[in-house]
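Two complexes are shown next, each including chain A; its partner changes from chain B in the first to chain C in the second.
Then we have the complex of A and B:
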């Protein structure tokens, strides 16, 4: 795409200017549905939830004002801290979720036979319902399920495990399943970024005799830094946003609370137990957790030089 | 190591990685079509006896036919809502610039990071109060909105690539109004990205469990994903019937995957780099 001159020069040349176009004209009708829908479903409910978190919220009846009581109760519950520590544990999967697709995208970079077909197969989970795929894995991973049965059949019975019912095993198993679900999307995004990176650098490195791993670390990774940062952020936030279906069908949060995530915890509080005020407070805490984790991540990524300040990051990721 | 050997080695590794993506589906297929006794005799082995009973038991026991209709209603509504609202908004953001406009755009995209449970509680309470709980159309609208931030991001990125200032300027010089430029230039140009958005919103809405489980609690309006997930928690259903239900619930999205594969990959910046 050609670089367009912006600013006064362009304004003078023609009647059209992006900066100068009026705010309140008839084109607003194109924007209104988007803003109205998001406001009605996301932003107004979120403000409402914040308000209701200070009440003993009784839908359809009188709600009593409680002040901070919902929050103090929540912070005093050992269950809540167990769930928070689960969230922290799941984040340990982050290196795996980033490195695995990065390494495979890098491996498939240069004219590997059938690379496109492989990428397509890895991509299948992206369109699959986590709820249904979770059901499939639940039956595969049962104590007497096919995976354990196969292990026993080939003489590896000692590896057979109660995968989803052992409190120490269930979180690592879920981390691997999250990798399974996101791997193909990661490979696709990294492949696209790698093919858009300037190829001369790779050729120059090769002429200099750089090996396979050096080329990865010194050429490929720096060339696609913003993409790596964006994918990592996406994975960090996803672990707070999209775990409900997996937990619901795989373990129902168990054994005990061993695999419960925040979103599943909130759902149980308001659908199973009907404590709407408590659930509102939990949601506010969940939103706060996401904001804090995302900000910490952006700060770390900036320090590590993976993104170079907010303005540039916004531009890079918009490409 | 010669280049040729290296390439085939890489192909071999890549092929090994496909195993965890292919085997679960093969196991699902074989479990769905084998008899209970055959499975008990040899759960890890290949099926020895073929039957369609599991499929019919799951289909009738879980009212999967009705659930399929519910899924299609919510999916179509969600695709229309997300597609139209994001298309108009993405174009508006293409032709307007400035600090406030950018802040508004990032706010609308950041809606993606608001956890569903947080906004779903008041949406559920309010919809119940006004008598719209168990409405598949309203649930479709909510599902569509939950995909709006991503749809906006994707379409706006696409417009920035294909809709150059030169094109917009030429249209303005020709005297075309904003709405006319939108309808006659932007919409036709956006077709590939719109296909990606439609395919993604379809599979996400189809696969959604949380919104459906909250807003469509009456079994008569359960979506296929929800009906299948609730089937699996019932005691009177064996593993083979559960697998058959799972197979039915995966087939529609598999079809979308087969027919809209290029569009879907475009949605994640792929498709190139062949």
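Then we have the complex of A and C:
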């Protein structure tokens, strides 16, 4: 039977000591301003909106308590479910938004001349205002706009479509435009991750006769799995939070509700119609949707080994 | 120094601060608005120097708009030297969103541009009722007041100026097609027939854009106004007629009949907006007609297409009139409830609808006054053609009573309806759901 050590050595093994306690207290104090800021900017407004969602919220007048009515009305509206299905449709763009920049970043590793210039060119759309880009594309994609006119001029008139006014086409078009706008950021992020990956693994794979695509799949992708997971999670959240400017400028949610997103729906309910309580309920539902989808994504990513869970971390350290 | 007790005290303090912030914010649920009754708007303006902030998109609506409103402001300041007007011109697009933000925040401008009826009702908690805040001369002479009441029985804006929906007509294109415009617009059946004839000759009859939905709304206003007698209009303004009533379904049917007759130029119009793209079509001489409500657009049309004249839209089969056009106040002015200067704000909105101000606006940007005691002298060809149409005493409009939710539904569903991907029954059903939402 092994004798348990006692005294200071025992405390060191358990991980708690007077030294550690002092460090935790200081860091807590240093974190307080950030926590206060986060609370003021995010949590308190969220709790306020949550509270208002139970009222017929009327700024400047008496707000009547409604209980769950705003929510039951929302879930009973066919428009809400159409918007939810639109969000689901936009999620289909995820593979494109992840794979396209990944592939291009991987290609730019291959001693491409002026790779930096390419990365700069790809990044230009990212720094352009979505409002301006949206206006330009709205003009380009009109029925009698330059794109359709060019197609007709070269005898490909059968390809000319009502890109933004056909309910079946408008969402795929927006998915492609979002790819165009965010492509450069993805290329930069993946390029940085690939350059930080151990290069000897790539060399070893080549020496072993691995081809281009095997190198990508068996070496590159596993080496930058956390980056891929992070970028994918960012895209997932963007679908719920950063589509507004595209929808507002390009389509105003139309035709019908075909391109409306939840954030645009909330905006319209609050700003255009002045149904403040209903908009508060929609906001709460939007936050809940983001949390649920993000949690599902993290669970799937952990299962697939793209990010480490607590059990995996323990295995990694041997504890 | 940083012991456990200190940590606990710090955490407790933070939680207490957060809790009191939440309670303070939640406590505003039962606030009842700022003080200052309606009668304050008619009291004499105090002598102390003040600045009134006015938000409007109107100066930007006309080429000489800034000039016109600057002259109005100067005239008011000459009358009330202690009041300085800070007129902030904003683009139309984000304007109502900014007013909404100001209404929620309970701070911002003292006076705003606002349409009456349903739109003003949507902002009612931020606006003073003005039915008892009109100066006697204004009350006696102001037109279009009844049309601008909201369904709660309050008048939240004073209506200013006059618009009237009519057609600018390119006589050269009609002549090219061998059609007389007077004959084409003499009856509904002749009108549809002329659309077919113009289309057959490769001329797009009406400048069109469905993407933003405004063209649909415009025709809905025009047609439903023709089908409403005075009693029906009163019920509609009071919110007692739903949008799935036969009158509105019939109007939708008439618009689809126009589409079938080729009036709008086919699928290309689906991707166009009304005010940018459709107007440019007419100015470029590519269409035989265009709907407009404003003199300035008529003048621009005449400037671009010298063979332009203005003619009345034909009466639809269900019309209760022989020569009515949808016409009413061009805009309105409201006083915000959070203003610190209700007397000055009341004086300013009354001034904006006074003969002096409306005459300035007429002379500079050709918006006819909406005053019974002011007649204007018409000098240009467009004024001679358009003003008599606008000043027909039987004219009215139900436009202000369309709830915002219904208009938004019309706007987003106009292109699907015209393209055939949405049935008229579904279109009406969605509009009616939106109507119920607003009630």
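Here are a few things to note about the model shown:
We adopt the following convention: the second predicted complex is superposed on the first by the 268 of 319 C-alpha atoms of A that agree within 3 Å, B and C clash if a C-alpha of one lies under 4 Å from a C-alpha of the other, contacts with A are read in each partner's own complex, and residues count from 1 in each chain.
One rule holds in what follows: contacts are C-beta pairs under 8 Å (C-beta built on N, C-alpha and C of every residue); 3 or more make two chains touch, one makes a residue touch a chain.
Note that the structure is predicted; figures quoted are calculated from it, not measured.
In the overlay built on the shared chain, the residue A:296 is in contact with neither chain B nor chain C.
Put simply, more of the residues of chain A are touched by B, taking chain B and chain C as the two choices. In the superposed pair of complexes, A:25 makes contact with chain B and with chain C alike.
In the superposition on chain A, A:144 makes contact with both chain B and chain C. Look at A:255: by the touch rule set out above, it reaches chain C but stays clear of chain B.
Shared-chain residue A:283: touches chain B; no touch with chain C. Once the two complexes are laid over each other on the shared chain, residue contacts for A:48 go to chain B and to chain C alike. Contacts of A:270 after superposition: both chain B and chain C are touched. Shared-chain residue A:58: touches chain C; no touch with chain B.
In the superposition on chain A, contact is made by A:124 with chain B only, not with chain C. Common to the chain B-facing and chain C-facing surfaces of chain A are residues 25-26, 28-29, 35, 40, 43, 48, 52, 59-60, 142, 144-145, 270-271, 276. The touching residues of chain B, when paired with chain A in their complex, are 7-8, 10-11, 13-15, 17-18, 20-22, 24-25, 27-28, 31, 42-45, 81, 84-86, 88-89, 91-93, 95-98, 102, 104, 106, 108, 111, 113-126, 128-129, 141-142, 144-146, 148-149, 152, 156-157, 160-161, 164-166, 168-169, 172-173, 177-179, 182, 199, 203, 206-210, 213-214, 225-226, 228-229, 232, 239, 242-243, 246, 249-250, 253-254, 256-257, 261, 264-265, 268-274. Of all residues in chain A, those touching chain C in their complex are 22, 25-26, 28-29, 32, 35-36, 39-40, 43-44, 47-48, 51-52, 55, 57-63, 141-145, 162, 164-165, 167, 252-257, 268, 270-276.
Considering their complex, residues 1-2, 4, 10, 14-16, 18-19, 21, 23, 25-31, 33-35, 37-38, 40-43, 45-46, 48-49, 52, 59-60, 104, 107-108, 111-116, 118-133, 135-140, 142, 144-153, 180, 184-185, 188-189, 191-196, 237, 240-241, 244-245, 248-249, 262-263, 266-267, 270-271, 276, 279-280, 283-284, 286-287, 290, 294, 314, 318-319 of chain A touch chain B. On the side of chain C, the complex with chain A involves touching residues 2-3, 6-7, 10, 14, 18, 21-22, 25-26, 28-34, 96-97, 100-101, 103-106, 122-123, 125-126, 210-213, 267-268, 270-272, 277, 337, 404-405, 408, 411-413, 415-416, 419, 421-422, 437-438.
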